[in-house]
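In what comes next, subunit A is part of two complexes: it sits with subunit B in the first one and with subunit C in the second one.
Coming up: the complex of A and B.
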């Protein structure tokens, strides 16, 4: 072998795996953040419902916070809202 | 002696004494004329001829005493006054006959008359002391003056009424003063004495000061007219300053103190105030240009003094200087900023200029805050005369300080340079351009370990935070956090069972996982094909990562990757620091000795521009691990490449990956593009925010509100385009009847 790799530094950019869509509540793109935040990423995370609809955590928290506990529904599909449990 | 002292001490009881005299009998008719003609008049005549008095003083006192006691004081006073009057009239008449053609001779004669006259009057007063003390002090004699005052009045009457004498005296004095101004020697003591005479007889103001100020006015009006035209400005200012000083000195040495202020203002008026604009026109910017600190300091001092005498419709000299300074700085600055060929030195030139101007303001303009502000104002104006580029270059300048390789500078010196660069940054309108380039350069420093010092990095961030607020630096700080978090992540990966794959390839794997919005990275999937070993490493890491962070996906940034490669050249083994692209290319030569450009392009999937750049670095740089066929300084699609079996180098470890650090044209364009996209986003956000509260707005009204909210320079046409885009995306709609009105769509 003329050449062998000893060491490598790879660079990867992470984004939310939520398609090219925008948040159904604030309408900001998922690679952006909710209107209350300035920097996207860890600081303004996404969450998914059991219905598989993603939202900004800040947006859905505000949304369900405004509803009484029996009426906490997903704003997209009107199913009862439950945070999807992810590993 | 005793008597005198008692009287002198007991001033108020005098009146009682005088009343007592009134009871005395009237004088014998012959007493007065006898005493005056026989004793007193000869005595007065003798004094006037500067001869000894023919009788004893005691005898003379007695006669004066008798006359006063016998109530003949008014007659005696009158006779004495007439005698003096006749005498001085004759002396002044002699002066009138004297030619004033030789000023010193004439003035000396006047002074001699005055001086002798004073001496005589003192002697006469001594003889008539009793009269002076009693009769004259008596309030009942309204036109009776003390003997001394009477003498002055007589002198003044003749000196001033014989028109030519006083006129000639003043004329001679003014001639001498002008001669003194011309640099000739004059008798200063003589002038001083004569001016004291004018003061004593009470004609100083009207007879001397007025014509003196008028002649001063004429003298300096003429002088300045000639000199302003013939001398350069610094020389003239020096001259003006020394003139003001000399006249001030004259005021102290020769003139009455009251003349000082009107004299100095006359000089300042004619020498400076009249010429402020011409002086500034002719000399200000060239003095700035030649950094003539001392001349400018003088200019500031001299012109500031002139401010009290400026014509009513003119601006104050300080204001004029300030606006000249602004013009000067704008011109010099614009020349630096607008000349594209000088871009590489722009920031250094601006820093030098700023330091020079700070020095000028401090030294020459007394550190006056208004001048500091003028300099800043000018900087702000010219730096923004060219859009975007200065901001970009300041960011790059900062990068060059923060990057490794500034050997020979202490951290303190680097800090100072950063502070200076920040001063320039402060003037920039397009802070977002700076931010974008700073962000790009910081990314490179972090990704390629090119940061000189973490302390310096942090210090710069805190300076920026202080300047622009935490929002401005949040993204930059997060980049440091991403790097730290990636290092932690690699620690846990290396203890994880999945890491065995990379170990089985013998590769030390490191991954930086970066939040895409914070870094100037692409989220487009790359078409570049990795060698299998690296592919395996990448896949296991991805698996590992997604177990830790669900709901995410990774976009690999091959253009930013880097490797250390062990290369076995026949002449010796080398360890090469390569970019990932270089590595991918080089690894192809494990299975071939020669490859054509197109074979390499197919096998790697690297796009044309970066591939050509990569090939150039491997085959045409200083260390040529490949050989290009045919030879040449450029890479062509028809070229082919051969593994350089004869490669030697004095070092075992070498870096060939410097190309990653250099900014490419595409990177530059992408960075600028990112700024424009961000600006569009800002415009969109502003429009939506405004429309959400206003619901309906006219186009002009919306534009005005957007203008208030945006911090960067933008054209109305840009905003209009964004409004169109928002209408397309159904955030807004146009009014059906009025195309100039918009409604917000909830």
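Coming up: the complex of A and C.
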């Protein structure tokens, strides 16, 4: 038997690779989007703190925006919040 | 004295009859008058004329009733009878000059008429009707027919048979009309019959009746003053109008009755049958047939369509026609609501109804057009700025939609063809039978809105669409994405943005995946990605996919996946890709030693298995499983079995541990025949004894499932018989044994179960 592959249509799912947990602020799935958005992916990205905790960008922005500047802590571990630079 | 004796002698000897004319009477009368015998003589004359009535007129009229005479003979007999009677009347009228005899004519006429009515058989009316019917057909051609009919009628009125005559005229008019109605409506669905019939009735039939109908009241009861004559004219006018109304009603009733019996044909040929429906609509408006037509529709549809032998998509298609027809017949929606009950109930019980509705809405059929129509309508409304936007629920959007079909149909047959009727004919009461939900009855649901009500809410339909869309997006090569966006837009109009949001994300995923692919392809024209397509899902928005373990794919797939992955991660950093091995499609082309070429679509795992068979045509399952690195035996066996079902590989030993490619197609029968079925363990049957034929048998699954769902349980023989009777495309030509094998496959798939010789749907 001779085999030729003519066409291929494969399926993948994208992920932020942030684990199976949900966002600690909004409880929505990381690979979904925050409550203010309805389009996932680049339109509602994830960010990580130096503490390695990920959040929806919109969620953590709102969170730290509500705190005074000295009190900007990660809502999960209470360490000072710093955006982690990722490559 | 001599004179008197001779006068009496003359009278006694003279034969009475028309010969006994008034001149002779006058002469004798003068003689007797002079001698004082006038009163006795008058009485004698009256008696003798009454005897003429009994002995001449009555037998002639009886003769008329015997029915075995020619038309001319009948007409002649009637004229003869009439002549005797009128002569007698005239003779008696001469006596009015004598003072003692004033009023004797009226008495004579009334007495004679009473005798005639008593002595002439009641079926005189039938003879009159027969004669009139023939004169009516003559009437259309010749003036003589008209004259003769008129003479017959006048003669009968003179003889006092006004009532008999009127009944006869009525029954002739009705019968003639009925048979013309039959002639024009039978086998005629694509043209209107009613307007022509109305015209015939007004221009011909009513004219004829006006000519021959007797006066409303008897002449002899009235004195002839001018005042009385005007009154008489008014009375006759009303009388004629009464008959016009009766004819009008009767015409619409009989057209309606015939159209009512043709409903199934009208449904099946819709929209070509619109002219016939236009007839029916006019009939419903002019008579009280609405409830009858409603229940006829319900009964005919239930009997013809709602049975196990009709596939769901066909029921739906016809039901959509019914919806459109009824919206046209009755814009209030009452008829539709009353017909829909059992249909909805029935469709709700069939499991494939939602799927059929959704594939109807997204395919190329009527429902898709209905979606588009809704959109155009809304676009017009928006332009006209009459409707408030936003804020409205789906329900009210659908309910508020006007009946566009009706308007266009009305426009098509322009109003000049419509019947001009008196006001009272146009009057229509509020629909009292309208189901009232929350106050106001909202008419005019379109086909899609009506189908949605099968389930009460749109949720099931939306979910089904979602599943169907996901399936299509994942598995179809060369998808027409623009068309999918357009369909989604239409559905969004209908069901709301929120309900359709996930579907929009799904389509966007496909678009994004394509962009990533195109960038990757453009960088290298000789890229291995040329025959490759990828679907990258935002998995939170898609239906849950079947999870399957990692496996080691064949080199080509492996290369393609990694190329695509790196392109994606470059553009979408820091997002990553996870390949879903449980889904996806690979189209492969296989060539065998016997020259057979087979094109099949398989899963990526199966394509990989085949690539190993291409290297080595006989392999143990263990070997293969090691190549692919799949741990789960059951999953792996399923994949192998799928390939065996396609007839490209087969078991090469009796315990199914080794498989080989089917290089020569002829071998397949003998090879599977060699397997001793008794020895195949029960829970392992699906591995060994399935034949590729089963794939073709699968088309009957829908029918079998539908039958079992609707008839609860059936024995093998009956399923076999029903398939033979109902399945035409493709015609069912299997043996009972083949059917039994197929059913046992369905049992293994846990779709149905068998107990005590009866098959039924397996409950989950």
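What we mean here is this: the second predicted complex is superposed on the first by the 74 of 87 C-alpha atoms of A that agree within 3 Å, B and C clash if a C-alpha of one lies under 4 Å from a C-alpha of the other, contacts with A are read in each partner's own complex, and residues count from 1 in each chain.
Basically, contacts are C-beta pairs under 8 Å (C-beta built on N, C-alpha and C of every residue); 3 or more make two chains touch, one makes a residue touch a chain.
These figures come from a predicted structure and were not determined experimentally.
When the two complexes are overlaid on their common chain A, residue A:66 makes contact with neither subunit B nor subunit C. In the superposed model, A:39 makes contact with both subunit B and subunit C.
When the two structures are aligned on the shared chain, A:12 is found in touch with subunit B and with subunit C.
In the superposition on chain A, contact is made by A:31 with both subunit B and subunit C.
In the superposition on chain A, contact is made by A:4 with both subunit B and subunit C. Once the two complexes are overlaid on the shared chain, A:85 sits clear of subunit B and of subunit C alike.
Contacts of subunit A with subunit B, set against its contacts with subunit C after fitting on chain A, overlap at residues 1-17, 31-32, 38-42, 46, 86-87.
Chain contact summary for the complex, subunit A toward subunit C: residues 1-17, 29, 31-32, 38-42, 46, 86-87. For subunit C in complex with subunit A, the residues that touch the partner chain are 474-477, 501, 505, 508, 512, 531-542, 545, 554, 556-557, 560-561, 564-565, 568, 572-580, 583-593, 599, 604, 607, 610-611, 613-614, 617, 648, 661, 663.
Within the complex formed with subunit B, the residues of subunit A that make contact are 1-18, 31-33, 38-43, 46, 48, 54, 86-87.
Against subunit A, the residues of subunit B that register as touching in their complex are 447, 471, 474-475, 478, 505-519, 521-523, 531, 533-534, 537-538, 541-542, 545, 547, 549-558, 560-569, 575, 580, 583, 586-587, 589-590, 643.
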